[in-house]
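Sharing a structure below in structure tokens format, with a few things to ask.
Here the chain labels run A, B, C and D in written order, and each chain numbers its own residues starting at 1.
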């Protein structure tokens, strides 16, 4: 899997992973991509002095793994998503990582990351279909709605006899919203087993740690009591662990239960001063901080 | 406890239970009250050919036990509810049993049951404060909101150093609403341990049994996973079992956890053709059916 | 005057049910979701005919809206069914983000709107749903007047791509529009031609407007009666040209006078042609228990009220 | 013309924070609830001073509204804090039943209203909240224009018994009203006396209206400028008498033109005195990411837009 070597100019490269070229992931490339995505995140939020680096950084490995290794995707973007795996981002505030990985997976030019949160951009603060950005199938930002939408898409896949899987990501703080539990209850009761919901289990939300704001307690126990199959990824910022975990989750679909992945991550991962705190949930680095952050993540695949 | 012997005329009788007269419940009287309340339920809904007899009948013993034996209530009605136990009905559609027991506990004249669901009445289809009916502290009817309100009232009790308990009742179908799980999560996380929420666990909702509509699965497990202390009343239509269970629940307050009582009831209990089905969730008996129902529950304390 | 004949009282929700049943047969993409109110919404027949396309979501309206949004991905046309309150106010943000802003092809079908819901009382009687839904960019808002029109509208919205709010009601009311009408979204229907006053009515108030027009006619007053079944997009031309002709307007809706059809009409007129207007609507109160007829009378939502408002509007011509 | 001086840009939400801090000291019944946005709502100081009266509810706005309703029982005066979208559309039915219909003394305090929320984009930029809240019987709806007025309003609503919706915003804007004003709920404030056009503005648009009035003045046009900080109950007399004087009206609000202040004014005028009116508001679109100033310009919500609308309104006098 050496897609970037084959295409130029950088940022115009479209790499569609419908057919897997090798069965073994090219970990060097993927690790490079992780670092490059971190740079993209920092540079996006820095430029407009707004956006959410913390959660984005913590989910970098997840997005890289999902889009590059796990999902069976068609070439090009098709809103209908027939005959391919789908992904829904419920915690829409981590749009910087979503946009970076979408762009670097070929959905739109990487240069467009330059327009993040600017007026008239397709790269809205929170992802939306409204501006026609390829790769996005529903708006998010108001928390708590994405699992319902993903379950709905999974129901349609079943109606269409489409064996593909629906993936979704949500925040741990986000799980305080009751609508999630409606969707969680529904999916189990109706054996929606073609869905994998990953929780970004970083223990942080805006006002502090979940433990200080509103602890989720035994989250695994909650999902299990609601009838889901629960897997954990203990090292959600280790690319190989994430790939393994998601492959395992994919393998757990089709068994009569929806699948939940509790992915333990570190908010702000990869930028030392952003790690292990809620402080960077929704704050952009200043010039100096950007430099430090970028220095910790030197260019790999090329900046946009 | 022989209140009704002491007061006349019937239906104008005000019996306030702030000070308990005896420590042993007068089971004869209470059993008579249960039968009379069933009559009140049937007669209310029959008269206006609307309302919800099924859930009401299933919760008759609960209301009688709660208002006559369990709650520490002040004389008269005080919206502020200081220095007394409080009750919130979340599943507002079972207003007939609430109204009957409120009236027969002295909150308003029993004759007023004649006005149930009529225009210009204080006895609205779903209970409300809007018309100033004594005994009601918040409107309900739109499902899923009552536990939140009850938890709020419990918080204020703590702020006021008022050691009394807040009781609430909700339906089992109602627990499909996500707001409940927000409140359930909040109460446990914040150690709101002066609350007892009883679930009318009748296994029925409008469109059928919960198992056919949307099963709750392991409900005890769900509440426990959400950090609550859970008790069960296996015989929710046995007055003594309900009294025992609620006393035990009351005794479980103050221990750092909110308390849930799963009360197994039979929808339509006490009227044979209404039992064990969802058919009478929201349907009134016709003249003939009323006669049969009343015959199965002969007058005890006197009709209004 | 045209004569309109009640061919037999029927509930508008049954018109929806009949339309949905037909769609079940004709359009394999149509799926239906219901939040534990299948009978009330008259969805039983669709459910019986197409169990695999019927989704019982339990008492979880927020989830229902999200499911519906998601089901559009892959080509389904979801029709959601619950009471009007739980179709709108309960799930406003879900509709806003997952459906309206996301351009999802969901049909939000809402029964038991307004005070004619009757005995259940105020918690169930939403009088704000037209206002709620009309404020959402991209939402089509329809309030039909009888069984036949509701059935026709149900068929029509399946053909329209985009989110739709379809509002109908519980009680049996006159069924007087054509059985085989085609329903044109956004096109007002002129029911009576008149010169003295314009009556713009929607939903259950349309029949009342026709009755009022007859009474006015007996008093020598000719009313222009418009059935404005689509509140959004609003047929502004129909409103403006009728108001130009008659010089005064009465709007009639089973809704709060704040935020609903009446204010939309006032805005159109203020922007184009200021005209005296009277509002037949609830006066910023909650409803209550009672029979539909009692409530329509108590809250001033019947032919009588429209007649009075018309006379007042006429008297205001010229002096603002 | 009166001169209004910007004493230094401040955000209205900080006015709320300052008011809440003061209430913390003066009114022991005041409690505050927040749904994981303490900093954004400027509630930190209250929280630090009165941890026992501050309730962090997490990301669960529906529960927050229920908790607040319940907390009134026993005498507390709950102030809830979250963004305007999550204060209204997200929890409409909860506010409706547990607060408005139940007459609970809850103060719903909403920040980041409108497009000036900026870069977060449309999902967070509610442009319908005035309409949502004004339709609820018994609800008081306030949209303040600057730091000083927001602080004064925060103090005033604690004294008012009943549910209140207080809307304010995120960006720093001119602070020009009196520091020691008393805030009278429901009483419009006349800011400029004029004869040619009435400008009725609320919230962030009030300062823009003053700038517009200056520009108009340079063109020899005198504008009557009204700060209508309370949208409900609406000061109808102020509207009617100014419209009678000037003969044309411009309304200006950071809100959809459907359902908001503009339509309320159109209704008042249609009922009392039909008058040409122009609507400075968003034109039934969602917002988007951008800076507050860019968005105000793009969506036609600034002094420029008010000037244009005024000229148009004036040109329509007499010919409808």
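Here is the rule we use: contacts are C-beta pairs under 8 Å (C-beta built on N, C-alpha and C of every residue); 3 or more make two chains touch, one makes a residue touch a chain.
All figures in this text were calculated on a predicted structure; none of them were measured in a lab.
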Treat touching chains as neighbours: how many steps, at the fewest, connect subunit A to subunit C? 1
Computing the C-alpha centre of each chain, which chain sits at the greatest distance from subunit D? B
Please report how many Å separate the Cα centroid of subunit A from that of subunit B, as a whole number. 46
Starting from the mean Cα coordinates of subunit B and subunit C, work out the distance between those two points in Å. 37
Measuring from the mean C-alpha position of subunit B to the mean C-alpha position of subunit D, what distance in angstrom results? 41
Return the residues of subunit A touching two or more other chains; collapse runs of consecutive numbers into ranges. 128, 130, 139-142, 176-179, 182, 185-186, 189, 214
Considering subunit D alone, which of its residues make contact with at least two other chains? 57-58, 60, 62-63, 85-86, 90, 93, 96-97, 101, 122-123, 286
So what shape is it, when you link every pair of chains that touch: line, ring, star, complete or other? complete
Listed in rising order, the residues of subunit A that touch subunit D in the complex are 48, 50-51, 92, 117-121, 123-126, 128, 130-131, 139-144, 173-174, 176-178, 205-207, 212-214
Show me the residue ranges of subunit C that touch subunit D in the complex, using the header's touch definition. 85-86, 88-90, 92-93, 96-97, 101, 122-123, 127-128, 131-132, 134-137, 232, 249, 256-259, 262-267, 269-279, 284-286, 320
Show which residues of subunit C lie in contact with subunit B when the two form their complex. 34, 36-40, 56-60, 62-63, 85-86, 90, 118-124, 286, 288-291, 294-295, 298
Touch list for subunit D against partner subunit B, complex: 31, 52-53, 55, 57-58, 60, 62-63, 65-76, 78, 93-94, 96-98, 101-104
Write out the stretch or stretches of subunit B touching subunit D in their complex. 79-82, 86, 88, 128-130, 137-142, 145-157, 159-160, 162, 178-179, 182-183, 185-186, 189
